[in-house]
Amino acid sequence: MTEFIHHIPALIIVIPLLWGFATPLIGRLSKKGMYAWVVTALAITEALTIAQIYLVLTQGTQVYVMGGATYNTTIPPDSGGIPVRIILTVDAFSAFMAFTAATVTLAGGIYSITSEEGTSGESMYYTLLLLMLSGMLGMVMTGDLFNFFVFLEINSLASAGLIAYRVGKGISVEAAFKYAIISSVGALIYLFGVGILYGEYDALNLAMVASRMQFTGLDKVVMALFTVALAMKAGSVPLHYWVPDAYGKAPGAISAILVTASQASLYALFRVCFSLFGLGSNTLTTGWFLISLGLLSMFVGVTMALIQTDIKRLMAYHAISQTGYMLLGVGVGLATLGTAAFSQYGLQAMEGGIFHIINHAMYKGLLFLTAGAVIYRLGTSDLNKMGGLAHNMKYTTVFFMIGALSIAGIPPFNGFASKLMIYESTYLFNPILSIIAIVVSVLTLASFVKVFHSAFMGPKLYDVKEVPKAMLVGMAILTSLIILFGLFPNIAIQYLVGPAAKALANQAAYISSVMGGA
Amino acid sequence: MVETEKKVMARKLGRLVRAVWIFNWFNSCGCTELLPVVSSRYDMERFGLIIVDNPKHADCLIITGYQTIKSIKRVVRIYNQMPDPKVVMALGSCPITGGMYWDSYNTIKRLSDYIPVHMYVPGCPPRPEAVFQAVGLLVEHVRKLKEEVSRK
Amino acid sequence: MMYVLLALYIIAAPFIVGALGILYGMVLKGIDRKLTARMQGRVGPPLRQPFYDVLKLLEKECIIPENAVKWLFNAAPLIALAASITTLLYLPIGPFPPLFSGNGDLIVILYLLEVPCLAILAGGFAAGSPYSTVGSQREMVLMISCEFPLAAAIIALAWKYSSIYPGLKAFSLTTFVNNPIWNNVGVLGFIGVGILLIVMLALSTSGLGRLPFDIAEAGTEISGGMLVEYTGRNLGILYINDAVRVVVFATLINAMFFPYKLSPLIANYVALPLAASLTIDFLFYLFKVFLIAFVTVTLMRVAFPRYRVDDVVKFYWGIAGLATLAALILIVMDTFFGW
C-alpha cells in the first residue's frame, strides 16, 4: 500500500494517457461501455488528485523520479550531483492545479456524454479528451523544463483537435488552425528559451537550473522569452487574439476544459517567475510587468465582451478578463517578494490570485457548460436569435444565474471570496489597482445581465425541453463546488490555497526537495 | 354576499380608502378642474390620494369627460388591467348621460354600459371640491359597511 | 444562562435590526412626503401615510403576466428586501457595533448594495414587458456608472486609514467609527474628504433611485420602469425595500463620515448611566439619519428635474469620477506631505 502511495504522481499522468488510447477499442465494442470507461478514468484521476493533495499537505513536496532506482532517488549516486532523470515535483501549488484540472474535466466529461451523442468520431473525442487531461496534469506536475514542453505540445495538439471537432462549415477548423499555429509558435519560443538555459547550465531540471542560476544578460533574454510565450499560452492581453476564436468555436465541454489548459500555462508562468528566477531577479520589475498585463487583460477583456453578440465569444473575452485578476494578484505578490510588505499583504494577494484560479475554473466552466446547453437545444449561438428560455429550461437558467453571480463577485458565491482577498491586499500596493478591479467587476456583471436578458428572459419564443440529465449532472458538480467555496472559503484557503501560495513563494524549499539537503 | 366575503370586502375597502391611488388617465375637457386638485391649491395628497402612471398600480380610474368610440376600447382594457379591489369614478356630465355631446356620432353616451361605475360626479366641468365630496362619500360608504359588518 | 441569552441574542438581533430598518424607513418616508409637500406649498399627507399605503398594497390582487418567468418574478422582491436587511446587519446602528463584522466589511457592503438593485432588475427582466426591460437596462447603466466613484471613495478612505493605523483593519467599519476621518487629515485631506462626502451623497441619491437620478423608474416616461408589472403583495414588498434602503444608505454615510456620539458631550456636565447614554446616542443616530435622508432624498427631489440616462452617465464618469480622483490625489498628498 505504501508503495502504491509513492507512485500516485506518475499514476495521475499515466492513467488518462493509457486509458485514452484504449478508448477507441472499447468504443468499437459498445457505446455505453465507452462512456463508463471514460467516466471511470476521470473519476479515478480525480480521486488520485485529492489523495495527492492530502499527501502533500501531510508529507510535504512529493517527488517522483521516472525510471529511477526508487521513487525518490533524484540524484543517482553515480551522476556527479546532477538529477538526470525526468522528475515530477509536486508541491502544494501543483497539487492544487491538478485538482482543478481533474475536477473540471470530470464535469466536462460527464457533460459530453449527452452533448456529443450521435456525432461521428465520438471515440476519437474521448481519446483526445483524456489526452488533453493527461497533458494538463503533466504540465502542472513536472519539474523538468523540456518535459513541460512535451506535455504542452500534447495538450495543444489534443485541444486543437477537439476545437475542430464540430466541423460546422469549416469555422471551427479555422479556429483550431489559429490555435494550433499560435500554440506552436509559443511552444517554440519557450523551447528556444529552454535551449539557451541548457546551453548555459547543462541542466534541464527546473530546480537544478534554479540552483545554478547566475542572472547573466542571457538569462534576462530567457526570462523575456519565457514570460511572453507563457503569457501567450495563458491568453492575456496583448497576446489574446486566439482566445475568442478557440473558446468560442469549441464544443461545450471543451471550452470549459480549455480554461484549465490556459491556467496550466499560467501556472508555468508563475513557476518560472517564482521558482526558477526567484529573488535574485528584479522581482519589482517582473511584478509590475505581470500587474500591467493583468490590468490590460481585465480592462480590454471586459470592454470587448460587452459588445459581443455571440454567447461563447462573450464568455471567452471574460475568461481573458478574469485571467487578469490572477495576474494582478500574483503580480503584486511577486513585486513585494522578499520585502517586509510581503507578509503584510503580498502573501494575501498571492492567495487571492491563486484562489481565483480555482474559482474561475469552476464558474467559467459552469458558464461555458450552460452556454453549450443553450446551443445544444437551439442550434444557434447568436444572442439576437435567442429568447425566453427560462420558461422551459429552468435548471439551466438557475445554473447560469449562479455562474453569472459568481463571476460578478456577488456574495455569497465564491467569486466574491477571492476578489475580496485581491482588493484587500492590492490597494495597499497601489489604490488605483483596486479601483480598476472593482470597476471591471461591475462591468462583468453588466455583460452577464445582458446575456441573461437576451437568452433567458422575455416571452417564450422556442418550445424547447430541458437538457438531458448527464449535462445537468456535469453542471451540478461545478455548482456544488461554487457554493461550497462561497459559503466556506476558509476551507479552501486553509487546505488548498494557503499551502499553494506559501509553496510558490518558497523557492528554497522547491530546490531542496529535488536537490536534497540545504 | 356571504358574511365572511362581506367582512373581507369591508376590510379591503377600509384599507383602500386611506390610500387611493389614481391612474393618470386625464383626457377630455372634464379634467380641467382636476388639475388644481392634484397641485398645491386643493392638494389631494393630504387625503392619501396620489397619481400613479400605471394601471397595475392604481386603485381608482377617473374617467373625466367624453370618451370616443376608439378610446372606450382602451378604457375597457385599462379597467381590466387594474387589480382588485378597484373603484371607477365618472367625472363630468359626459360619461353620465352624454353631456354636451349628447347627439354626437362618435362619443359614447353612458359609461356604465361599458365598465361598472361606482361614483358619478356631475358638473361641466366639476369643481375641485366635488371630487373631494366624491371621495368623502366613498369613505362614508365604507364606514357604514364596516359598522354593518362589525354589528353582525 | 449566559448561553441562553447569547442564543436569544443571535436569533433575535437580526429581526430587531430588520424591524428597526423597516419601521424607521417608513417613518422617514412619511416625513419626506410631508416635508416635500410643505416645500411645495401644500399640506401633505399624514405622517402615517406610508403605513396605509403598504397595508392597502398587501390587500390588492397580485397579477402575474402571462409572459413572465413566474418563479423569478415572485422571488425578486423578497431577495431585494432580504439583501437590504442583510446590509443593515453589517452597519453600526448608532452606538451599537455591527452584528457581523469581519475583515473586509466595506467591500461586502459595497457588493451587498448592488444586490437589491440586481434583484429588482432581474424581476424587471422576468416580467417580460418591454417597459420593464427598458427600465432594467437603464438601471444596469446606472449601476455601472455609479461604481467607479463609489469604489474610488471607499478605497481612498481605506487607504488613508491603512497608512495612519497600519495595525487596524482598514476596511472594517469599526475602525471608521472609532477614529473619525476628520480628526486624522490635514487641510488638503479635509478638502479631499469633503469632496468625497459630496460624491457619496450624490451616490446615495442615485443608489436609492430618487430624483434627479430616477431614470430607471421614471414614472411618466416608461410607466414605472422596472416596477411596471408588479402589483399587490409584490409591490408592497418593493415599497418596504425602498424604505429600508434609505436607512441603509444614510447609516453608511453616517458611519463613514459622521460617527460622532452625543453622550460624551453631555457626560461632561451630567453623569450618565449606561442605558441613558446608549439611548441618547441612539436618538442622536436617528436624528443624523433623518438629516442625511433629508439632504439626499427630499432636497434633491424638490429641487431637481430628472436627468436623462446619458446625462447621468456623463455626470458620474465625468464630473463625479474626476472629483473622486482629485480627492484621492489630495488625500495621498496629505499623507505624504502631512499638511
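We call the chains A, B and C, going by the order they appear; numbering starts again at 1 in every chain.
By definition in this document, a residue touches a chain if its C-beta (ideal position, glycine included) is under 8 Å from a C-beta of that chain, and two chains touch if they have at least 3 such contacts.
No experiment lies behind these values; they were computed from the predicted model shown.
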Of all the chains shown, whose C-alpha centre falls nearest the centre of every protein C-alpha atom combined?
C
Centre-to-centre on C-alpha atoms, which chain is most distant from subunit B?
A
Taking each chain's centre as the mean position of its Cα atoms, how many Å separate subunit B from subunit C?
37
Between subunit A and subunit C, tell me the centre distance in angstrom, where each centre is the average of that chain's C-alpha atoms.
39
Could you work out how far the Cα centre of subunit A sits from that of subunit B, in whole Å?
65
For the complex, give me every residue of subunit B touching subunit C.
11-12, 15-16, 18-19, 39-40, 43, 45-48, 52-54, 56-57, 59, 81, 83-85
Interface with subunit C, subunit A side, in the complex: residues 344, 388, 390-391, 394, 397, 409-411, 416, 420, 423-424, 427-428, 431, 434-435, 438-439, 441-443, 445-446, 449-450, 452-453, 456-460
Residue numbers on subunit C that touch subunit B, as the complex places them:
33, 37, 40-46, 49, 52-53, 55-56, 59-63, 219-220, 223-224, 227-232, 235
So in the complex, which bits of subunit C are touching subunit A?
67, 69, 71-72, 103-104, 107-108, 110-112, 114-115, 118, 121-122, 125-126, 128, 133, 136-137, 140-141, 143-144, 147-148, 151-152, 155-156, 158-159, 162, 166, 171, 328, 332
